[in-house]
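Chain lettering (A, B, C and D) follows the sequence in which the chains are written, and residue indices restart at 1 in each chain.
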Amino acid sequence: MAEFVSLAQGIEAVLSDGCSVAMEGFTHLIPHAAGHETIRQGKRRLTLIRMTPDLIYDQLIGMACAEKLIFSWGGNPGVGSLHRFRDAVENGWPHKLEIEEHSHAAMANAYEAGAANLPFAVFRGYKGVDLPSVNPQIRSVTCPYTGEVLATVPAIRPDAAIIHALKADREGNVLLEGIVGVQKEAVLSAKRSLVTVEEIVDDFGPRNANAVILPSWAVTAIAHVPGGAYPSYAHGYYKRANDFYIAWDKIARERDTFLAWIKDNVLDKGPDAFAGHALATREAA
Amino acid sequence: MSATPTEMMTIAAARLLANTDVCFVGIGAPSAACNLARLTHAPKITLIYESGTLSTRPTVLPLSIGDGELCDTALTTVAVPEMFRYWLQGARITIGFLGGAQIDRFANLNTTVVGPYDAPKVRLPGGGGAPEIASNCGQIFITMAMGTRAFVEKLPFITSFGHGKGKGDRAALGLKTKGPTKIMTDLCVLEPDPETAELTVVSLHPGVSREQVQAGCAWPLRFAAEVTETPAATAEELSVLRDLHARTRQAHGVAA
Amino acid sequence: MAEFVSLAQGIEAVLSDGCSVAMEGFTHLIPHAAGHETIRQGKRRLTLIRMTPDLIYDQLIGMACAEKLIFSWGGNPGVGSLHRFRDAVENGWPHKLEIEEHSHAAMANAYEAGAANLPFAVFRGYKGVDLPSVNPQIRSVTCPYTGEVLATVPAIRPDAAIIHALKADREGNVLLEGIVGVQKEAVLSAKRSLVTVEEIVDDFGPRNANAVILPSWAVTAIAHVPGGAYPSYAHGYYKRANDFYIAWDKIARERDTFLAWIKDNVLDKGPDAFAGHALATREAA
Amino acid sequence: MSATPTEMMTIAAARLLANTDVCFVGIGAPSAACNLARLTHAPKITLIYESGTLSTRPTVLPLSIGDGELCDTALTTVAVPEMFRYWLQGARITIGFLGGAQIDRFANLNTTVVGPYDAPKVRLPGGGGAPEIASNCGQIFITMAMGTRAFVEKLPFITSFGHGKGKGDRAALGLKTKGPTKIMTDLCVLEPDPETAELTVVSLHPGVSREQVQAGCAWPLRFAAEVTETPAATAEELSVLRDLHARTRQAHGVAA
């Protein structure tokens, strides 16, 4: 059964130095508050897994939390580069970052296989492209019926998954709706999981057609962190802070502006700051 | 009122789309083109964004692939693994849109690195959905602005496969889809030559010369036997497109 | 885009002698009216695919429509045997029936692989049991990462899928909710599909958390057949006719009582009869 | 007020269940046992039916694996492929319930055929979910009424795997789950012997003799060094179970 914890307790419970973690959320519901707490706790040598590293992993990479990145698209959506990610790959700052690169289809299938407790995923992909020549984890199997050769990737089975959701009920069941991404698969593929939520409710009430519900017994810990997805968004709560995504380009371009921003906004702040961000975004919306 | 080069690129792409198409849409010019088509001659076109939104009808352009607007106006929204398994790999998409940092003469694309993979000069974002969009959609439309750093002689890295080294390479890999059939640029429209699959200029946008097009391309460009002029943007096309961008700016505070 | 048709037109459009068909519905929403129409049209040499053949395939098998059955559990749920299925397998009446037998997990994975356009499905199954020794379609692949040997089955890719759903809207989009079974996968795995629906609406309105929506462009044909799942049920419309499942045991036990029932209730009736059945069940509920 | 043999079988099964269990429930005795546990000592037990209903709390017993009642009272309902992939194969189920037409001394089960597979004397329904329930759940509880046609020397067909030909056979197949750990019958409770995995009578239901039990089993039964008496049904157990059956009869018109 999921336990209700503070964000700090939750990060301590699910992350340890050297472990692998998937912090997921596909544009929607990116667990930024949990990323900040990970920086504050000074976690090291993490294997970071995420389809789109986005600002959340740019921050972790820049703060030297990551040893390895498993990913499929490393940009600032609609804006351009992730400068901290590029600085690590191009210049080895703050240290060398090992990368394992896939396509979206490969990562989505690898999460699905992890949730299904399979050791690998099979899909039609990687035809004619160069990624298999630089990623030895991309292999193949032959169909036992047709002889067709299909691509394989290892299942994603992280030590921990961290997601942000809309609601938890008092039994610890979790609700996501809107764009639900790969979060269900991330949680089910992981050994342990932390879910930050916008609110805790008595009853989920009416739900959208594509609502995803995670039973309490499939979740390790839940922390109540309103606004915890900012500058990403929480459907029905607050909108995506597009202006912050644009501003990040300038903040993260240079090492010193990045470090100054992290000091002011992460190291010197706590999870409560997110409630204010979300409120400001909601009022602006 | 005449179209800017970027508008012309978007409008040329929109004209190719029909009510019966099911499009896998990316952010930027593809999204603008698809929604322009939907708001003009193809109101029943089906638009899909890789965040999982099926049959979506946004009133403003999304800034990200997963804007709430896409979900709010969708028939339904599915999880990302389902999107890639049942819908893209399921061969249900008729047209996929791609762009890239670099393209070669056989419409292969690079969005991964400039320089060696292990010690890149510029680390680009990577493939994302592109490798499997390129192989699983019925055909691919590419939108890219021209320039000699984008239209290059040789790619340092093939992120998504076009026509390889020429006609027959797709079939040799077992691919049954058509691959890139149209490349819409800010200056012209190119198509793979029916005999060789090499990209060939088939129409020039109004006021653009062959020399201007060649100046935007690092390899010696082929021109079709009959190069036509891309029909100028109509007043309706331009006003619908500009209204869409204006609504988008108003909604987001920034342009999409 | 889905076309709106009568049930008779729909069966003519999607079924032909010798084709393979999956009529799915897991207890809920079994497309019985479509099964009856198939009998009336005298289809022959069908390969019938279904996890639980149930009464619907007992009727088709008894009326000599089937050449082969692909299935995973062939009983009358909570009652006992499917006598027409047993008579075909044990005694070859009305003719010999070829069977390809799987487990539920295998069938569910095979539909999933079919929907995903893969030639085969991989799963952890069939360990230590006798089915692989009598079904040569059960094979294996070796994981390219761990060396583990996993079971495989061919993807299900039927010529046609037939399901019963709750609602279609006027554009031909289809809604199922409640226990949704494998119907989405059946439709997406098939070359063509027929959906019978309880009602046609302007708008789907509020939906359950687990609603499945099939876009119009993924469906071939839709027929409006209220009550079309009887004696199965349609959530929110009418309940399962448990008494009919019990009665079927007696009807189907002997060949002559079976043939008499089919004449009176299938051959001499049309799809409209189902509206009455459903109404009676609703009133009794 | 004393329990019938079938009630005793159900009650003995219910007693083994705890609040922390996640049970994959079949129709009949398993469903009655799980809901009896839920309505008495294990109110927080998690019940899953293979139709896709997660954490369901029916007020009456379902007649089929997919009754609407199971969906109406569930936390959520998932599609059948997800049920078998993420939840059963995902190793999230602590206890699976099985029964069968026939069982052998190592708790292998047959629900497929009597006689040769290709020319069966009796064609049974087949495996359904059982083969993978048997291998993927943490442990298996079996409920079956005794009789020499059910408890047989040799199975004509192994539909689901118990302990094979003895201890170590599961591990040799790479199975990490425990397999059958308890067999509740109408006369007694059996467990696999810790050394050999052969089924061994560990308790007799009140008033049942060793001879009666042996008369219901085709192979020479082993008895544990200390055979206890199954504690008699309590008044609460019986009244809750009978109320549940009465509610069920009233709701369905028939017994579950």
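Going forward, a contact is a pair of C-beta atoms (placed from the backbone, for glycine too) under 8 Å apart; a residue touches a chain by one contact, two chains touch by 3 or more.
As the structure is a computational prediction, the values presented were derived from the model and not from experiment.
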{"item": "Partner chains shared by subunit B and subunit C (touch criterion as defined above)", "value": "A"}
{"item": "A-D against A-B, pair bridged by the larger set of C-beta contacts", "value": "A-B"}
{"item": "Between subunit A and subunit D, centroid-to-centroid distance (C-alpha), Å", "value": "41"}
{"item": "Centre-to-centre distance between subunit D and subunit C (centres being mean Cα positions), rounded to whole Å", "value": "28"}
{"item": "Rounded Å distance, subunit B centre to subunit D centre (Cα mean)", "value": "57"}
{"item": "Subunit D: positions in contact with at least two other chains", "value": "76, 85, 89"}
{"item": "Junction residues of subunit A, two or more chains touched", "value": "116-118, 123-124, 148, 185, 209-211, 213"}
{"item": "Chain pairs that touch, as defined at the top of this document", "value": "A-B, A-C, A-D, B-C, C-D"}
{"item": "Subunit C contact footprint on subunit A (complex, rising order)", "value": "116-120, 122-124, 137, 139-146, 148, 150, 152, 154, 204, 206-211, 213"}
{"item": "Subunit D - residues contacting subunit C, complex", "value": "27-28, 50-53, 63-68, 70-71, 76-81, 83-85, 88-89, 112, 117-118, 120-132, 135-136, 157-161, 164, 169-170, 173-175, 252-254, 256"}
{"item": "Partner subunit C, residues of subunit B touching it in the complex", "value": "20, 22, 46, 54-55, 75-76, 85-86, 89-92"}
{"item": "Subunit A residues within the subunit B interface of the complex", "value": "26-28, 51-52, 71-75, 77-78, 81-82, 85-86, 89-90, 101, 103-105, 108-109, 111-112, 123-131, 134, 148, 178-182, 184-185, 209-210, 212, 233, 235, 239-240, 242-243, 245-246"}
{"item": "Residue numbers on subunit A that touch subunit D, as the complex places them", "value": "1, 115-118, 173, 185, 188, 211, 213, 215, 217-218"}
